[in-house]
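I have a structure I would like to understand better, so I am pasting it below and will then ask my questions one at a time.
Here the chain labels run A, B, C and D in written order, and each chain numbers its own residues starting at 1.
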Amino acid sequence: MLYDALTDKFKEECGIFGIFSRCENVSMITYWGLYALQHRGQESAGIAVTDGCVMDIQRGMGLVPDVFKNGVPEMAAHIAIGHVRYSTTGSSLLRNTQPLLVNYSGGQISLAHNGNLTNAHEIRSGLEKEGCVFQTSIDSEVIVNLIARSGKPTVEEKVSDSLTGVHGAYCLVIMTENKLIGVRDPNGFRPLCIGKTGEGWVLASESCALDTVGARFIRDVEPGEMVTIDDTGLSSRHFAAAERRAGCVFEYIYFARPDSIIDGQSVYEARFNMGKTLARESGYKADIVISVPDSGTTAAVGFSRESGIPFAEGLMKNRYIGRTFIQPEQKKRDLGVRLKLNAVASVVKGKSVIMVDDSIVRGTTSGKIVRMLKDAGATKVHMCVSSPPIGYPCYYGIDTSVRKELIAASKLVDEIRRFIGADSLHYLSLEGLHASIPNISGKTLCNACFNCDYPARIPCAEQCSCNKYVFEPTQRH
Amino acid sequence: MLYDALTDKFKEECGIFGIFSRCENVSMITYWGLYALQHRGQESAGIAVTDGCVMDIQRGMGLVPDVFKNGVPEMAAHIAIGHVRYSTTGSSLLRNTQPLLVNYSGGQISLAHNGNLTNAHEIRSGLEKEGCVFQTSIDSEVIVNLIARSGKPTVEEKVSDSLTGVHGAYCLVIMTENKLIGVRDPNGFRPLCIGKTGEGWVLASESCALDTVGARFIRDVEPGEMVTIDDTGLSSRHFAAAERRAGCVFEYIYFARPDSIIDGQSVYEARFNMGKTLARESGYKADIVISVPDSGTTAAVGFSRESGIPFAEGLMKNRYIGRTFIQPEQKKRDLGVRLKLNAVASVVKGKSVIMVDDSIVRGTTSGKIVRMLKDAGATKVHMCVSSPPIGYPCYYGIDTSVRKELIAASKLVDEIRRFIGADSLHYLSLEGLHASIPNISGKTLCNACFNCDYPARIPCAEQCSCNKYVFEPTQRH
Amino acid sequence: MLYDALTDKFKEECGIFGIFSRCENVSMITYWGLYALQHRGQESAGIAVTDGCVMDIQRGMGLVPDVFKNGVPEMAAHIAIGHVRYSTTGSSLLRNTQPLLVNYSGGQISLAHNGNLTNAHEIRSGLEKEGCVFQTSIDSEVIVNLIARSGKPTVEEKVSDSLTGVHGAYCLVIMTENKLIGVRDPNGFRPLCIGKTGEGWVLASESCALDTVGARFIRDVEPGEMVTIDDTGLSSRHFAAAERRAGCVFEYIYFARPDSIIDGQSVYEARFNMGKTLARESGYKADIVISVPDSGTTAAVGFSRESGIPFAEGLMKNRYIGRTFIQPEQKKRDLGVRLKLNAVASVVKGKSVIMVDDSIVRGTTSGKIVRMLKDAGATKVHMCVSSPPIGYPCYYGIDTSVRKELIAASKLVDEIRRFIGADSLHYLSLEGLHASIPNISGKTLCNACFNCDYPARIPCAEQCSCNKYVFEPTQRH
Amino acid sequence: MLYDALTDKFKEECGIFGIFSRCENVSMITYWGLYALQHRGQESAGIAVTDGCVMDIQRGMGLVPDVFKNGVPEMAAHIAIGHVRYSTTGSSLLRNTQPLLVNYSGGQISLAHNGNLTNAHEIRSGLEKEGCVFQTSIDSEVIVNLIARSGKPTVEEKVSDSLTGVHGAYCLVIMTENKLIGVRDPNGFRPLCIGKTGEGWVLASESCALDTVGARFIRDVEPGEMVTIDDTGLSSRHFAAAERRAGCVFEYIYFARPDSIIDGQSVYEARFNMGKTLARESGYKADIVISVPDSGTTAAVGFSRESGIPFAEGLMKNRYIGRTFIQPEQKKRDLGVRLKLNAVASVVKGKSVIMVDDSIVRGTTSGKIVRMLKDAGATKVHMCVSSPPIGYPCYYGIDTSVRKELIAASKLVDEIRRFIGADSLHYLSLEGLHASIPNISGKTLCNACFNCDYPARIPCAEQCSCNKYVFEPTQRH
């Protein structure tokens, strides 16, 4: 996860896609699949393909249509994998684009990764001590080195072997000259699902990508499962003993597209329920319910449904935000928000307003939006957040820079309310959140950023610093 | 107006912006203003500036952030005008970007234009006969030639003079070395409003651009009015006798951003009312009301409010659509729609659905969306359109290619319903549309595409061909 | 002409090319023709084509391969014209690229121009008074307006008519829907020649472009001649009474490629003769003769031949200079020369050296080269220049900025020698120059930059300022 | 070495540059140094820098000015290394650009390589068997893996250690956080020299780069020597026992810039001598001596000096060739040569001509040039080649595709003469070649492509195929 200052949101880091088909243009289908997963990563993209003998790859910085504006890899291929990701900007970071493509003793292998290993640094140090070199700063390079060093005979066994000592969150699509392999970590932090398209098989981070390319959803890859697709069809094995199931709850709150279904749970339904639960929990009354678009909209509609308070679009979003633009200088910071959002005066003027957003990270943007609504004539702004306070950093993500800035790590709810200038502020309770995700037990989700209960080992150094954030949970609600 | 096949929508052709300020970076403010008007034109952009002596200009193909990725004109200027537009693609069309910038006997003049002249061809032929040359195919070049040829002493009089024989729709921002001029045609087809930013004055196609740059809305430019802004402030004159007021009703239905207020009418409120009126007119009952995002959403929420039928997001839009991408080949046409929209099965499965869209042009896309909803499990799809059938071409636009393809010009409503596969189909009545725009009398709007009542002269040849589309209006409803 | 500070040379401003052929890819042939003329203009390029009905055009900033990196205009055309030019940099200058392409009462016309009108400003002012607008700052726009305003019935007569009042240097290639027209001004300042390629006809600034595209040289266009090429073949007329013939002598000294033949005179032979004459005139003795590559080489070889002093390559040129690169800052100015040239120590060490260059403008670069040679061990550097001192500005060019900096306008030859640090300095005499161009009488060349004898009217204001430079010619030699 | 079909030349594959200086902008100096080495590689470029803590790198496809058009790495650094190279085209080959930059157990290391290992494949296979992965197809990645795997304590020892088993040609510049290391293989195939710039030290493939950046030439790096530059100055060690010295003789014939001095031998002097020797060996008489520019010019001037036959420029080169341009289709192949070269008719008409070129690979281009000269009127064309026939492939290069096409491997000299249509053909003898390089013993050069005497081990498979080319040397002369 990364942090986006303009929106005050965490950002999902990656989306992955893979296809095995002898009857379709796998390169183009991967392009469209990545297009559907663009919300999972907007800063680089790549597609690797193979025809059974050689591999070709194209990677670049930018959105999917920009990276492939001169076309996708043209080889007559039957396997392709693709990747979209966030990364810090700068052309020198070109080398961090995925998929990785390497030669090793077994031939060629290409790999795309969604997630973050918690012990990548340790493994990498270990591998470096054994003489490995690393040309990128991405976790996937650690995995590919482990695969290459495995003495096991088959590629599936090599992959299993390599993942033995790896901790953290990872979904992988791996391509050899004749196989497409999908892997999901034993905790199942990140989503990965399987689809079928006529003769072919598809793997994708989210089911919305299956819908887009016209593939039929088959099932999710299970935590700890490795699926292999080749000319004999799909086979499956479990490469790791069952661990505590811990799907990232933020996929339901914010990351995934609402039209995706993850581990049997419709994301839309979950967000809608969160809104309904918020309505019950908060008991807020007002003239209208509005959302911070687009991510807060589904919950706002749910809030309206439950409370009977009319839903309205009190904030409009510039649909062309998202691409890089010249940023206003610091003193024009409010302009940054206004370039993205505008209050609809005719909706909010003279009204008391319940504003639903999905999360608050530092709180800086929320304050500007509240002010914008009041400037437009809203008499009251009651803010409802469809997630609990984020009090603990995510160690299955990497954006350390923001850890000390989590507003809920150092401020009580009422302090936060004052900071953002809202008349009321309600965070969804963890119980409420879990109740809103009916198809999945809350215990089988990763709620660590809310309750400090980390399902997988986190680095020691980090564990200590983690304590800095420890508050009595009750205090914060 | 142009036609967009992927969405089956007409497209507004241009947005314009101008600023006069000695205390601000007018070039950057114009950049942000164009950013806010990006929905009015996504294929080229340009900014011209002046410091009182010379003018500088930068124009290019692409979205605003792309055209100015290496920065905006850097001159220390106090006047700037900008333009965004649609156009057919192709680098050779670079020469059709605006603003225009010319030298003439009075010095330099730069001009940006939103609208379409109905007699541009005639005037151009006449000017060519008098020895004029034309380097572009844009109407604005006709206007600038007329200005240059006027014998009147002041630039305001030259502009007035030049517009005497011009018919059709035009809003202009014009920049001389020391003046910013705004002009709106006597019918007031297209919007243009005035804002104030501290010391400076702003002109913009829509008030949302004023909000974005932090300017205060002052008033709309009146039809037939010319405003001049210079160091003495703003002055106004009427350059033409009052004609029938005829603001384009489609600005309220689809073109403008909902957070804009045009001629005293909130666009949001109008769209919301259209939905409410649709609910009353149609009397449709169903489990849920959904919209074709994003343009149908406000009306869908209004429909829900009026009918009490719950609003839900049954269709999800890929937020990254909009930029050019590799199009699927013809036989994969459905993919084109799936790349843009996806049904949310958990919302629509087993439900009867009222789907609200703002307009139908050829009907091709609507059919695909209806099928998508049914594939996702919707039991019934009742389509409601928040505008009357489009039976007549817009001669204040230019997209002739689509004229014969207006589905409502050749099919009765029930034929259209069958064509798109909906279970019911209701178009908003013209009376209902007008009732939904309470602040403006329906008679002072241009409704020609619905009722063939063209407020301004249209070309003869066109007038004849127009008759081809004449049906008894009652037949079509 | 423009001035290039890095080389201390004037630069030819433009190259033009045209082809009429129903059997060849005229667009590609124009591309290759422009490639051969690249030395005449490296900052923008353009190609316009027609198939008899419509015209297409592509223009851009950069070298020919860069402007057309995505291909040339693809229309199945039978006429094409092209243009390369120098211009000041800056993307805003995109609008000054040629060919021009306009609509006028007679249809479409496209025009490319090499040269500079001396009364363009006056004509333009006059046209502006009559209501014309100008969108570029190039002379050609004046001509195209005059053509459009001519009342004459045929395009040839219109062109003739338009050129009646035009003074200065101009070669034009003009394309209508069915004709290719070539025009050379009555003084014949700039070159233009005719070639034949199978079925087709070619016009080009220099014969080297004919050789490159495989066309056979037919003849030069005569001063005051207009040739028309259409399906009936080539026809000719004289559009203007004979004026003093005045081909630019600098074409032979520096501008043209040595493998071109202009007005019956081989450029190579002329440069070789200049070197021989220099040897006789100077009487210099030394160990070796070297050149400032590449333009001084032919004369240096001639000097060697006449004097018997061995020719050697004492200076090596970086073959990749020419494209834009990050310039060293001012204090590293010598680096600028070193990036371009390097002394060959093994050649010059311990040797007295005669260094042949074609011209000196401001003298700044020559001084650096002399120092470089001495640093490399040359004992003496005797500089020979294969042109007389440039004491007067060229009014058939436009680079006014350098006029006051002509070193020969304010310094005697011995002062210049001291300024550049050479041990001797000899400029070719005007008589010697003329004797080196045997096929053309010196009186029929333009020698104005050497002797202030301007063959065509120059602007009044300029004429006065011209006097500032008047020295007794004998003084300067 | 690669092969360039347009010129029928082998191409040097790489140029390298390094600088250590606390007083200069090492990034910019590397840029200019690479600019001076551009002739050694025109398809990609890269610069890596370090400030003692972190490293930054920028790499891309294209010429130096293109790759760094938005600037060089901006870090305030004190060490930088750079690389230019040829490679096959295709954006996917972006990953093969250098310098390499890796993390390993000792920190970060960056490396640029000129040359080709003869056992890279074997070592790579071995490393892969031990679990290494390779992300590029460049030899340097093998070396950097060996360095990382070395158990030695210091980086210098690691580098020494890694090179123990490496065979072939390699010059390396290596950068750690605080050291710049230069390495030259024990045979000294490729050049590498040391310069001093005020406080700083420079390493460069050729001395011309030292001249360009204003550095003073100190000495060549010796074969088998490793130099380390850090804050204590320059230190040296020999990492390998002395092997047979074998500098590539083609550096003198064609690859290096004439203004470079390599291993004490001026390249210019050597080429000049080759021309003189050719004159003596061939005994050819003719009216003029011309060169195939630019590479044949120095030898042609030498030929003229020795023979007394006048030198003239009978062929002119388009100075803008070198950048990618749209290639004529196959049937227009001659056009390909004409785009590059043009005969100067006034020089060659009616003359017998001695044409000097540096080498013939396949002979295809030579034939076209001979025909061009005869078309221009040359009565006789006697071709002189300033190198012996290339009968054997270079295993210290990689361009296997051309091996079977070496014309001298399968044709006798007179057959070649007939093939290219020359009236006479003389190749410089090996003895003559060696005599032309007076400062270096012929036995200490690598002459393998002429005499099959490979100084360093070549791959077995290759050795066998090598036999296919074995002719009696006497037969071919």
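In the analysis below, contacts are C-beta pairs under 8 Å (C-beta built on N, C-alpha and C of every residue); 3 or more make two chains touch, one makes a residue touch a chain.
According to UniProt, the chain labels map to these proteins: A, B, C, D = Amidophosphoribosyltransferase.
As the structure is a computational prediction, the values presented were derived from the model and not from experiment.
A.B. asks: If we define chain centres by averaging CA atoms, which chain lands farthest from chain B? Would you check?
C.D. replies: Ranked by distance of C-alpha centres from chain B, the top chain is D.
A.B. asks: For chain B and chain C, what's the span in angstrom between their mean Cα positions?
C.D. replies: Roughly 49 Å separates the two chain centres.
A.B. asks: On a C-alpha centroid basis, what's the spacing between chain B and chain D, in Å?
C.D. replies: Taking the average C-alpha coordinate of chain B and of chain D, the gap between them is 61 Å.
A.B. asks: So, what's the distance in Å between the C-alpha centres of chain D and chain C?
C.D. replies: Each chain reduced to its C-alpha mean, chain C and chain D end up 36 Å apart.
A.B. asks: Can you list every residue of chain A that touches 2 or more other chains, as numbers and ranges?
C.D. replies: Counting only residues that touch two or more other chains, chain A contributes none.
A.B. asks: Chain adjacency by touch: line, ring, star, complete or other shape?
C.D. replies: Drawn as a graph, the chains make one closed cycle, so a ring.
A.B. asks: All pairs of touching chains, please: list them by chain label.
C.D. replies: A-B, A-D, B-C, C-D
A.B. asks: Write out the stretch or stretches of chain D touching chain C in their complex.
C.D. replies: 28, 31-32, 35-36, 38-39, 42, 63-66, 68-69, 71-72, 208, 211-214, 257-259, 261, 266, 268-269, 272, 294, 297-298, 301, 304-305, 310-313, 316, 318-320, 322-326, 328, 334-335, 338-339, 342-347
A.B. asks: Going by the contact rule set out above, which residues of chain B touch chain C in the complex?
C.D. replies: 56-60, 70, 73, 91-92, 94-95, 100-105, 109, 124-125, 128-135, 144-145, 148-150
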